[in-house]
Amino acid sequence: MIIIIRADAQAEKRAELTDWVRGLGLDVHLSEGADTTVMGLVGDTSRVDIDILKALDIVKDVLRVSEPYKKANRKFHPADSVVGAGGCLAGGGKFALIAGPCSVESEAQIVSVAKKVKAAGAGLLRGGAYKPRSSPYAFQGLKEEGLRLLLLAKKETGLPVVSEITAVTQLPLFGGVDIIQVGARNMQNFELLKELGRTDKPILLKRGLSSTLEELLMSAEYIMAGGNERIILCERGIRTFEPATRNTLDISAVPWLKERTHLPVIVDPSHASGISRLVPPLSLAAAAAGADGLIIEVHEDPARALCDGPQCIKPDELLELVAKLDTVLTLTGKARA
Amino acid sequence: MIIIIRADAQAEKRAELTDWVRGLGLDVHLSEGADTTVMGLVGDTSRVDIDILKALDIVKDVLRVSEPYKKANRKFHPADSVVGAGGCLAGGGKFALIAGPCSVESEAQIVSVAKKVKAAGAGLLRGGAYKPRSSPYAFQGLKEEGLRLLLLAKKETGLPVVSEITAVTQLPLFGGVDIIQVGARNMQNFELLKELGRTDKPILLKRGLSSTLEELLMSAEYIMAGGNERIILCERGIRTFEPATRNTLDISAVPWLKERTHLPVIVDPSHASGISRLVPPLSLAAAAAGADGLIIEVHEDPARALCDGPQCIKPDELLELVAKLDTVLTLTGKARA
Amino acid sequence: MIIIIRADAQAEKRAELTDWVRGLGLDVHLSEGADTTVMGLVGDTSRVDIDILKALDIVKDVLRVSEPYKKANRKFHPADSVVGAGGCLAGGGKFALIAGPCSVESEAQIVSVAKKVKAAGAGLLRGGAYKPRSSPYAFQGLKEEGLRLLLLAKKETGLPVVSEITAVTQLPLFGGVDIIQVGARNMQNFELLKELGRTDKPILLKRGLSSTLEELLMSAEYIMAGGNERIILCERGIRTFEPATRNTLDISAVPWLKERTHLPVIVDPSHASGISRLVPPLSLAAAAAGADGLIIEVHEDPARALCDGPQCIKPDELLELVAKLDTVLTLTGKARA
Amino acid sequence: MIIIIRADAQAEKRAELTDWVRGLGLDVHLSEGADTTVMGLVGDTSRVDIDILKALDIVKDVLRVSEPYKKANRKFHPADSVVGAGGCLAGGGKFALIAGPCSVESEAQIVSVAKKVKAAGAGLLRGGAYKPRSSPYAFQGLKEEGLRLLLLAKKETGLPVVSEITAVTQLPLFGGVDIIQVGARNMQNFELLKELGRTDKPILLKRGLSSTLEELLMSAEYIMAGGNERIILCERGIRTFEPATRNTLDISAVPWLKERTHLPVIVDPSHASGISRLVPPLSLAAAAAGADGLIIEVHEDPARALCDGPQCIKPDELLELVAKLDTVLTLTGKARA
């Protein structure tokens, strides 16, 4: 960590700062310039609160030299982590294709679509039971009953399943769920992240609507700090000024994250765009950019889906997409798992 | 609600849609044009999922004519709601001045600063016990002990207190807290909102970093739908491309919200800017724009505050601000309460 | 165009509005509802100023039913336009690979890199002579001399060339330039667009940093309204809150634009990311999403490039990319031209 | 300027960099740490291209210690600049109230509204003759005739006038115009800025829709570098995700800019919000935040204004606002000039 000290800083205040930093167990290297003094902090600076330093009158700026995340950092864990459930894995050359409806609606619906997405090539079934909706008057999911139906579909098809959790208190109900999803709105629900850090389930962590990539990694770090290192990161679009699509898919997030972390990175083209016709091209783009998987909303009758209909594709569109996807994966050295 | 039907829609599909809408208990008015047919839905459309409609192939666009929030809507509740604790109120001509440190750090600190902010004119004491921090390695607040110390300061000074909750499970510890704060990161933690809707405490609801004003009102609606209508809305800056300030204070939010809702609207200039020198001018601006209150971070030694130091002002700066504030309030027909 | 009239509108004011609309040569269809009246305007509404309508006290909202762009609209011109120079074309199954340095620096530099990018598979040479820089103290390009050197490289290699114009007064100097580029900062320099509408050169129109896709199409419409319909649209990243990349590549822009316009759409992964290591994955992603071409910054010694070094790739990296690119293009039914 | 060198940088490459920097006439101070080496550059670094440095393999990061703007920098020019025309000044305790219609429409209209805004307290008349519109089919202003009518209104009322320029070629027509406005879309039209740097007219420079405050200062620097130092900066709202207002007024820009530059800073609440009812509260907020002036759209019949109607206020609303404004100005030590 580099601290730039103002030219007009009093010697006494500089000495106080130096003492304080040393009190944190860090070494200090000073470099005096004409206009500024540069103070380098050497040691484990991950506990240093950059804001405290910036608050000091004598400090002009502070620059982190090392990343604030450790367990998620590829620097300390060069090999790809491989995370998944059943035979469906992401990372280390494995590409996870996750598909299914936004919401579980009925036994007939979830079982039927599960069979269809399996036939199309999906390795994991998604299905929402607890739905975070911006309106209290909108359909909030079938809840416990939804989880029960999802597990029926798992039993029928053999597909492992992923479903979203929206409160710590629901955790006991997720016993049969293979991967627990943390949605965009809960990416910084730190109490939930801490609790998930104590479980032994893989976590699918979605990026918040306006979270930076570094914040996404720090949220992964929350879970990992608790002992659970099986995390799949998911880019699902960010909020920008552009109204053409529901969110803006930040495709650069894929290669940027892959450089910095060993955790697998997947993409959700359905929520990112909110438009079903854009899902196939964005899926291929994600794979071409190096993603380790996709999570795609599929519904047999998108026009009547209880939520998020406009972004669902049909099973036969998924099938058509998978063929092209496999061609792209040969270029990035990956294969569907 | 207005549905624009595509020119090339099949008659059969149009009939299906009409039936479906009528099945929801709504009346349908059709207006045929050359290029498009306009379908007007009459009745209570708050339960209609706009996304389902948009998903239909035959639908070009859907436009809400009435707002999706009801209990928060000024249309159905023209008079200002007045919300607060002790003698400190916001709304209906009352202006609530809330001040205090970001975090409770020690008994000496919180009691001392509480006396100072009271002397400067504040009517409510803020102090964080549970701190949502983006890094798991950063200081997370004194938690239960922090709440205990905050209540000591309340007892010493007579000031009512506000503190942030970060999980439903903490609720039993908030018995002595006068107003419960929901932070920006939890604005769409719907499970928390539902639970707070069942309490009888006033709620200070902060706008999410990238939440629209309509989403803020919908989150208030979540709490109100549960029965608790005592909510103070708080604009605290949004995330934009501009790096000069930590967030961008959306000052227009104040008059825009005041038009649409009867709930009081306050401003947090400290988090919005992240720069202490900007807090006084932004506070005056907020009051001039019609805010019903301010929540300001005050610390006796900002440079050593355990968190968020750069944005704290000192008690004597608060005192100086209050004198000017009262002049601005005469223009908006308000008075500190 | 649909106008929603407020429930409490006076009959007299409604009659005035109806007269005014008819005065514009449009037909009016009225549909009365319980809460609102819907007024449909039938005819050519492209000259109706939506803002005037919204300003009226009796108007609640206005909704466009048809797009405000005509000449760029695929609805009226279903077949792909094919635009390019020499044998290098974009659109209609042709994929244009444009490459070259950010700035022309010297004869040796531009001729050498031109040969290298040609050998790697590029069909068009890019090279900036007039550089829009945010600082008046930064290198502003070699200007007229830069254009002269670029044309030397064209002569040496046979590659057609594209270069950016920054003022109308430079137009006479662009005689030998095959495609004229309008940069992001000039996308809404309407006087420049009008002038380019009177030329017979293909125009490479880059999206503004914070321009919506509809605004991009309207800027194309400015040029087309003047008679020049040979336009290539270019997505080059938008400004968002995310600091990880210089801009955020809006990959969804590609399929969204391709649906709405017949104009070719290419992508600039170099400016979008500002990071050379991200250029290859983003290039493949753009092709997979359906782009009709790429414009890539290539420099033989990126670390010493006079501007924008961090985002340049080397000629051998381009060569390696092209092989993969061709595989992706087979999936989208395109081929390098 | 501080360069952070990677730990694994080869000695030879470091030596090359040091030589290169010294070749630019700068001194180099090296500070070796365990993980990183910090290189401090001493001297005039305004010509150093930060991007070239960042491009080097051995460089981890580069941090500017001094601001890239000089002539606009308050550090080198501590006293407020006072800029204006006639008796209407901004800066140094003077507050400029600029008002008038968006567009000049007719002699009767501009003369009448000029008299009204003068009576209400405005010191400068605004009126657009060249209108940058996103659609080529929308009204583009009366152009030369509009300027002529504006000068008639100046003659009738004695009010100095401001009008927007959209191309260098229009400059000869602006002889009688007192202040030339550069609109948001042209803030980075550097060729226009350079030309205006050679004139002797005050320039009202509006912030771009998605320009950072530093970029705004750099655009001012462009004009100042040419010799014209009479610039008024104008905050007019930025583009964000929030759809409630047309743009988001960045009120923090006012105190932030005032700290960093001696140039006067005014606010345009009309374009910022796009909603007339928000103009009075935002005007008061701007004054309370320390603005040196306001530019407000006023129209006698907003509902029939040819452009931007929804954001215009009426002359009597201006009059009412001015009374409150004067009270706020007493708090910031300013007076209308």
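Letters are used for the chains, namely A, B, C and D, taken in the order the chains are written, and counting of residues starts over at 1 for each.
Criterion: a contact is a pair of C-beta atoms (placed from the backbone, for glycine too) under 8 Å apart; a residue touches a chain by one contact, two chains touch by 3 or more.
All of these numbers come straight from a predicted model, not from anything done at the bench.
Q: For the pairs A-D and A-B, output the one whose chains share more C-beta pairs in contact.
A: If we tally the C-beta pairs in contact for A-D and A-B, the bigger total goes to A-B.
Q: Select the chain at the greatest separation from subunit C, using centres from the mean of Cα atoms.
A: Result for max centroid distance from subunit C is chain B.
Q: In angstrom, rounded to a whole number, how far apart do the mean CA points of subunit A and subunit B lie?
A: A distance of 27 Å separates the two centres.
Q: Could you grab the centroid distance between subunit A and subunit D? Build each centroid from C-alpha atoms only and quote it in angstrom.
A: Centre-to-centre distance between subunit A and subunit D: 39 Å.
Q: Quick one: which residues in subunit C touch 2 or more of the other chains?
A: Only 210, 239-241, 243 qualify.
Q: Can you check the complex and tell me which residues of subunit C touch subunit D?
A: 46-47, 49, 51-52, 54-57, 68, 132-139, 166-169, 185-186, 188-192, 194, 209-210, 215, 218-219, 221-222, 225, 239, 302-310, 312
Q: For subunit C, which residues count as touching subunit B in their complex?
A: Touch list, subunit C to subunit B: 2, 4, 29-36, 38, 40, 42, 60-61, 63, 65-66, 210, 239-241, 243.
Q: Using the touch rule from the top, collect the residues of subunit D that touch subunit B in their complex.
A: Answer in residue numbers: 210, 212-214, 238, 240-245, 248-256, 259, 272-273, 275, 277-278, 281-282, 284-290, 324, 327-328, 330-331.
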